[in-house]
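Take a look at the structure set out below.
Note that the chains take the letters A, B, C and D in the order they are written out, and that residue 1 is the start of every chain.
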Amino acid sequence: MDLLDCYFKVRKHTEAICSHLQTEDYVVQPVVDVSPPKWHIGHTTWFFETFILKPYATGYQEYNAEYNYVFNSYYEAVGNRVIRTDRGNLSRPTVIEIYRYREYVDDAMTKFLLEEPSAEVRELLVLGLNHEEQHQELLYTDIKYILGHNPLFPAYNKDYVSPKVARSDSGFIKLDEGVYEIGFAGKGFSFDNEHNRHKVYLNAFDISPNLVTNAEYLEFINADGYHDFRHWHAEGWDWVKTHHIESPLYWHMIDGEWHNYSFHGLEPLKLHDPVCHISYFEAYAYATWKGMRLPTEFEWEATAPQFAWGKSWEWTESSYLPYPGFTKAAGAIGEYNGKFMVNQKVLRGASEVTSPGHSRITYRNFFQTHLRWQFTGIRLAK
Amino acid sequence: MDLLDCYFKVRKHTEAICSHLQTEDYVVQPVVDVSPPKWHIGHTTWFFETFILKPYATGYQEYNAEYNYVFNSYYEAVGNRVIRTDRGNLSRPTVIEIYRYREYVDDAMTKFLLEEPSAEVRELLVLGLNHEEQHQELLYTDIKYILGHNPLFPAYNKDYVSPKVARSDSGFIKLDEGVYEIGFAGKGFSFDNEHNRHKVYLNAFDISPNLVTNAEYLEFINADGYHDFRHWHAEGWDWVKTHHIESPLYWHMIDGEWHNYSFHGLEPLKLHDPVCHISYFEAYAYATWKGMRLPTEFEWEATAPQFAWGKSWEWTESSYLPYPGFTKAAGAIGEYNGKFMVNQKVLRGASEVTSPGHSRITYRNFFQTHLRWQFTGIRLAK
Amino acid sequence: MDLLDCYFKVRKHTEAICSHLQTEDYVVQPVVDVSPPKWHIGHTTWFFETFILKPYATGYQEYNAEYNYVFNSYYEAVGNRVIRTDRGNLSRPTVIEIYRYREYVDDAMTKFLLEEPSAEVRELLVLGLNHEEQHQELLYTDIKYILGHNPLFPAYNKDYVSPKVARSDSGFIKLDEGVYEIGFAGKGFSFDNEHNRHKVYLNAFDISPNLVTNAEYLEFINADGYHDFRHWHAEGWDWVKTHHIESPLYWHMIDGEWHNYSFHGLEPLKLHDPVCHISYFEAYAYATWKGMRLPTEFEWEATAPQFAWGKSWEWTESSYLPYPGFTKAAGAIGEYNGKFMVNQKVLRGASEVTSPGHSRITYRNFFQTHLRWQFTGIRLAK
Amino acid sequence: MDLLDCYFKVRKHTEAICSHLQTEDYVVQPVVDVSPPKWHIGHTTWFFETFILKPYATGYQEYNAEYNYVFNSYYEAVGNRVIRTDRGNLSRPTVIEIYRYREYVDDAMTKFLLEEPSAEVRELLVLGLNHEEQHQELLYTDIKYILGHNPLFPAYNKDYVSPKVARSDSGFIKLDEGVYEIGFAGKGFSFDNEHNRHKVYLNAFDISPNLVTNAEYLEFINADGYHDFRHWHAEGWDWVKTHHIESPLYWHMIDGEWHNYSFHGLEPLKLHDPVCHISYFEAYAYATWKGMRLPTEFEWEATAPQFAWGKSWEWTESSYLPYPGFTKAAGAIGEYNGKFMVNQKVLRGASEVTSPGHSRITYRNFFQTHLRWQFTGIRLAK
């Protein structure tokens, strides 16, 4: 598939995700980690305008100089920006205006890409598309948060097809101790944080071929796991008590039965589905209660070829740190990953809302330990 | 004009105010004191449904039981409600759905009012219309805040006509000491907080026939008034320093010239207009700097027949307290005014966005001392 | 009694209050409103040094220039100071060092006062002594807070004699409507906030000769008064819910019996004592629940000659505002009262820990509506 | 040395550290991370009483049942406790009372240790002594914070002898890639977090034999390092801006010259001393600015035999995580280390205030990334 086809496929997929929204759904930001969908629509457009069109497309006319202030996410090198907590306070530009901006940039990109871009630009373009795919996943998670925290619990899309998750009946997978190679190798796109490929020494361990299910997690709840400090980190225990956490996000006890908010609206909890929308603190507490632990990201990568993954991001015990030889790119693009490598945990795998083809076995996602609005689950190791 | 005509006149005026908005403008809540316009549209409708249709209209079918949770403002007696800071987090019900609710209630009210309502209901209806007029003023102030805090500074309505404020050339008005009567008397509607009419003893004083202008207030700024603690209350001084207050709300220094955000967008400061959007703390500091003071609400009421008023709410030195003999109504309606009678200052007059015929010489508005998003100004006394 | 005798009587009384403390009790500040006793010892000394010795005593050598930074309370005109929340973070100067400072200033004052000070100085001296008497009361309230919030509940002084409060068996006292004179008149010391004496018009009202007792207040608690929003201001209701207030400060339910922390330590609640250590919000809620109200400060002053008062500061319905003709003194002394005249309620009377002779019928105390660490009580009016 | 000698040696060293304090210095807690010295005195005593005397010493009479509430640090299994922020609000028990408690426990320990304690108790005793040595270091850091944040900047001890730090003139030390063994092996005491000894694979790297000096760090400051986001983690950049950080803790610019608060009081900055009292964020930013990085804890341990260390704790790039095979002890002692293994960075080495013999090459200290009150420094790797 040529670059222009790729470009449009990705761009249209973003718009398809939003096609089920009402105008009002594009606007709100119920919590700081969530961005309004219209902001995602504008920001992914701004990315191409800022990093490709403005520096490389001769004669390109910036659409609106003030949009840089509105749609910059966190690039300090690109100037001032709306503070993150204020994104949901902006009624303007309107959704229609932002789609107009998007069309303008898409037109300019089309013209530009027809002119055989340089290798440098092609690399930026692929980065931009992978960036937009990351925002596609964020769109799903943010939309779920927006609708799932509305007292009317509206469905996102009644026809949304939830994935089937295959389960293995065989026991834990064993890996022998030894030196293993970790990190991206080969062709195709990868992020800077997957490099350099390097050796790690792993002790022998066992890892489960399956994710923990809702039914299994319910046992933890029913065993009073949320009220026994012994399973928790001190910081996790503070978090549980301060925020009165008693169950995964989106779980609601209604008339004595657990329900779960999904893209279809509120529905009875599906016991055989993997548990989802839990924090690292909860994943750790569950594993501790089971007398096991979470795998490290290296253990995960070394065994992933032997189990099914890709429907739920999996918390690992590893902190998000640079690999040996990691270097940041020059300029604003260098802010993409490196500056977040502190006080975050690595997630591996992919989730039901990850864009097709976006993830791979060396992919490293990362979030802070208390966050739950992503589609996060648990795989046990020992 | 009969009741039904009154009802529709008020209801349509609310909708006319919103006719200049984009859908997105209805949704956001950039600060806790501001409510999203769509919430005002729904809440004023909920008021009639809750206090008239549900208790009095035989056979009335509630539109949606969950709307009580969404559109109750502060009536503890009517059940739980969305916490105030969350109003801007709700994308649903959508604007169209809320207008549909509004139409449903208007239809039911029409049928009901055609059936000769009782005196009790007529009284509630008049209260409901005055309530909606208060929200019309809040709609203007909230819309101004929403658009005036957007980095694009969009105009609300280019054709909005700002009021002309007449100025008197004569000096201060004097009043002799003695006993004066204060509070509502006569026919027509009044709020409970305007009662009982009672006597107060006033010492002799002088009061200005004019409001302080932007030009006069600029002198205070240029005399470094915001940086000299001697003019301020201790609490006001803390407020100025904590929030880095340097000028009235909506003032912006651009290229060395003061600009002001109005319903037309950003424009050069009009020096002869009354200063507006200042807190009580600022009003007090300005008066102190001038060697004068703010009038009490009694001084204001006793002299108001002798000067022009009605374009800008005026801060007084009086705390918002019950008049002798004040009693709260029974039930939820009793929560209308009484429970706010602490730690607020009284404002007198009316502003350019007060609905026609809504105010009167005995009318008492009230806000906390740090608030500035209302159209508030200064009249001096000594 | 001559000035020097007065001076030493007041100064020694301060030290006598502290004579029951351990060194450690002088140091801590468990909440922002409380100051460490050693700070009071230093601050009252600093007052005489700053406002009398430095400007008027020829050849006076300042004890330590850095003490101005440590012991200034809120006088902006006298320079920077330790922020109030940090007073309890200072281990130095030590208690012994502060008493040494106190002795140094007392020696200098003795020499200075023997030289026939001018009328201006005498006036400042009397202000300084009244200021120190105010801090004597604060010492008692702050010490009670420090010891009463310690998990060991140590007694302040087992020999402390609690006052007897006389009760009247006659009913409410009535006052006819009319014009009354309010404010200080005559000779002797008074604060600027008691001036000018002026006329007010009072409607007829009834006022109780007795303060509300613990037994009466218990009825309010047992009638679930802390859980019924109808009795409370909206702001008071927020305060009750946010801080989980269920009873007056210092009340503890132990093994099913109410106890009260007093200067003797924890002891069973004395039912016939006046209720004490309640906020304005609670006083208002209690009065509302009884179908009555709090008196205004004018009603109180007009009837006080007819009832016993002086054991418990009484909340009034009046906001703390300047009297007609009030003017602030020039210089730092002008910051004494005026800058606090916003968002506070007036208290009248005096309490069991007010210094002898310090209060009078025109005396105006004032605190914010949520504060409870003063010896505050309730008198009803209707 | 026998156990009883060890016991007294450690216990007396704690008291010697405090011998330079005034009573008031024992009481205050200027920031949540700092504990009042008297709390350390009591808590280290409580540790022996709770974990040895109460469970093992037949007939032991608890000194005061309420002290468990006062002196428990973070052991959830041992019951409720004073919340950490309140430690500085407690004037009682007094310093003398706590020393009396200490003496009582020391007497009981003496009797008990003379009776040939079991291996289990001996192990707990050694843990208790290592625990007290950790608090000895905390006493130094907390005392420095208490006195160093007092506006009078008192000296702790004019005779305190600062350590000499040897510097190596040779260049960076190189280590070849390969598998290395990490973690405690051999005899003597070690903490659970140093186990299990395990293999890690290290890539080739260079590490400096010297710590970064004040002179070198000044270059970073003078190159505007605190104002250039490119050197910082996103979270570190927020921290710098929110707290207006411009230099290491205890640095003060006075009359154009940098000064440093030390145990001798304020003195001119010693340029050749290692930079100290910096956060991980600052250590990372400095290393990034130099085009280098911090070593991992494994790199540090593998090369530490080749360089001088032990005067300043060194930040590493490693997050504090369990080693393979780590298990928590049963009961309250299991809370010692494991529950803190999240969102903290490992420090290696030891500092000038670490008790003699307390550290070793496998020792792992850990703190949150923003903390600076420990004696923390920088060693560069590349």
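In this section, a contact is a pair of C-beta atoms (placed from the backbone, for glycine too) under 8 Å apart; a residue touches a chain by one contact, two chains touch by 3 or more.
Treat the numbers as computed from the prediction; the structure is a model and nothing was measured.
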Labels of chains that are neighbours to chain B and to chain C: none
Chain whose Cα centroid lies at the greatest distance from that of chain B: D
Inter-chain centre distance, chain C versus chain D - centres from mean C-alpha coordinates, in Å: 45
Whole-Å gap between the CA centroids of chain B and chain D: 57
Multi-chain contact sites of chain B, meaning residues that touch two or more partners: none
Chain-to-chain touches, reported pairwise for every pair that qualifies: A-B, A-D, B-C, C-D
Sites on chain A touched by chain D in the complex: 74, 76-77, 177, 179, 198-201, 203, 229-230, 232-237, 280-281, 284, 293, 317-319, 321-322, 324-325, 334, 339-343, 369
Contacting residues of chain B [partner chain A, same complex]: 22-30, 38, 66, 69-70, 82, 86, 88-95, 146-147, 149-152, 154
